[in-house]
Amino acid sequence: MNGPDLLTRCIGYLPQLLDGALTTFVLSGVAVCCGFFVGVFVYTMSVSDSRLMRGAARVYVSVLRGTPVLAQLLVFYYVPSALGLELPGLAAAVIGLSLNTGAYQSQILGAGFRSIAPGQIEAASTFNLTRRQTLWHIEVPQVVRATLPALVSEMIDIVKASAVVSVISVTDLMRVSQQLSSSTYRPLEVYALAAVFYLAITSLLAGAGHVYAQRAARRP
Amino acid sequence: MNTVIALIPRFIEAMGVTLEVSVLAALIGIAAGFALNAMRLAFGHPFKLLYGAFVWLVRGTPYLSQLVIVYFGLPVVGITLSAVQATIVSLAFYSSAYFAELFRAAWASVPRGQLEAAAAFGVSRRDAFRSIELPQALAFAAPLIANQTILVIKESAVASIITVPELTMTASDIVASSYTYIGPYALLIACYWLLTQGVSVIAQAATSRIPFSKKTS
Amino acid sequence: MSDLPILKLHAVGKSYGENRVLKGIDLDVMRGEIVTLIGPSGSGKTTALRCMNFLEAYDEGEVWIKGQLLGYRSTGRTAKDRDSEASIAEVRRPISMVFQQFNLWPHMNALDNVATPLVLAKRTSKREAREKALAALKRVGLDHKADAYPARLSGGQQQRVGIARALAIEPEVILLDEPTSALDPELVEEVLNVIRSLAQEGMTMVMVTHEMSFAAKISDKVVFMEAGRIVEAGPPAQLFGNTRTPRLQQFLKPWLERSLDFVSQGATS
């Protein structure tokens, strides 16, 4: 392998890989955000007065954490078409990833919810805030602040998990590298470069999380 | 429903492949991870840097990414592996980084004071390692190892992409040939769930036998 | 000017499983009255207070606020007979509370802590809520700390913000649950001063406290509770000076001795 040639080729791959990387990053970000609301919802189910709700939450978390993401994505991509609804790959990917991260986030956020002093909820109740208002105005802001490092960690996991959406025809970083590899017959350098891109994304996120954690530790 | 029941034998066979691949990769990963941690403890700073780089690389990239490098990329430099071989090698490599970190945490969990006390009482370093550090570290590690093995089983689904005849590949095959979606995929989810639950249950039963272990939640 | 009590408890009872914590409490609170509940730990005084705004669901008797039954639809007292969240909110709208542990919301500054109940529960516009909140903070002497977060405030300041929050919704009755018990002694005075000024303005208050001198000075009625029952109730002069209840005498003994010491040492009380 010729050094300068290799470099030229790699530079040639950059535009497409960057495009794929952007798709991966945005897809993961959207999934984590949607997953946040799923997580809050599943958490409220898990502490509901109804045994049915609590059981449903437990089953949901158990199945989504106990099975591979790829299997879940295949379900969300193919099963709707069996029921007559054609779901584009990107939509299935967002739904599948959101539901998956939602299961994990419900556990992460749950720890945050439990750390809030009950007195604060009592005060909210006394002043006649509805339970929904208490949830979104009193609890959630504090839960986010308390669990942000764990949520960043979860986003890193989702970025890595998202590589399999290439299987349901989403042109993410992985799929772009697969296309490049078959068109250039140079799998090693293409896949290695794609891996570097993934590494860059996850390292950036890890760094951001680290910076936030340090800043949070300094606040009183 | 009858068609679903008819599929069960194929799924059981596929479950066997999944288990074979996963367990083999996990065992190699555990051994490699243990060795890596031991080397990190024994050797000094330069190895620590290498170790850090290794963990950063392997844990910072998706498993699929590493699998395609091993299966499609290595032939370019003359190393050609079959799909199953590539899966086991790459999965072992991938999990070894996680197991290494796991053992690192396990060793860190043993309070320094105990080793100091051992030294003060004239217990040799090797005996201290064998009778004080090792048992406690392993007790700490046991539930984590079980958890990581479950993660390896889940990750093995990715091998379907390079047509290893494990669970996910089998389900996709059936779907492609029969045009039914719900039955095969429902079975797929059920099989994985049973596998991961099974490992979890066995692990909990096993670790509860250890008198001083910390239980998994 | 109505003769009816603004807050009325009739045969109120409360049990936690087998444990009967309140055994039939009767209490009338008239508009403008200051009622203080005193008694040993476990006497049920805090539970009684928390039943008055349904923070605890009483399971016997009735609590009336301005003539409306609180918490239940009619005579049943099981969980199924409870009123809807909206109805309970409506009935207890005139009631406010100050907590022993302040219970401020740590992610909001003082102004937002005071304004939030107005914005969310009373649906006040944000601008009007801020004005009212600022006025309430001024009332307790903390308008200069409107931007401060609770973590940056002393205990006494936090409690005063809590009082401002209770005031901002323009309540007709304020419940105070041991408002100074969690404070360092040097910070107690500033809070008592605020409470005293509220009393002087004619606010109706029901307070649980261990500050006997304070209770003696500002109360219209003092209620002594023990083991879930009201043992004696009446004006402070009666309970603190002239009681014939031996249990109350025993309870007040340390305070009486301390007050006499003060007097004999020539200190002004």
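Read from first to last, the chains carry the letters A, B and C; within each, the first residue is number 1.
The rule we apply is simple: contacts are C-beta pairs under 8 Å (C-beta built on N, C-alpha and C of every residue); 3 or more make two chains touch, one makes a residue touch a chain.
Since the structure is predicted, the reported quantities are computational estimates derived from the model, not experimental observations.
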| item | value |
| --- | --- |
| Highest-count interface - the chain pair sharing the most C-beta contacts | A-B |
| Central chain (by mean CA position) | A |
| Interchain centroid distance [CA atoms averaged], chain B/chain C, Å | 59 |
| Chain A and chain C: spacing of chain centres that average the CA atoms, whole Å | 47 |
| Distance between chain centroids, defined by C-alpha means - chain A, chain B (Å) | 22 |
| Of all residues in chain A, those that touch chain C in their complex | 117, 119-120, 122-131, 133, 137-138, 141-142, 145, 220 |
| Residues of chain B that touch chain A when the two form their complex | 56-57, 60-66, 68-69, 72-77, 150, 154-158, 160-161, 167-168, 171-172, 175, 180-182, 185, 188-189, 192-193, 196-197 |
| Chain A residues touching chain B - in the complex, by the definition given at the top | 62-63, 66-72, 74-75, 78-79, 81-82, 159-164, 166-167, 174, 177-178, 181, 186-188, 191-192, 194-195, 198-199, 202-203, 206 |
| Of all residues in chain C, those that touch chain A in their complex | 53, 55, 85, 89, 92-93, 96-97, 99, 101, 103-107, 116-117, 120-121, 151-152, 165, 169 |
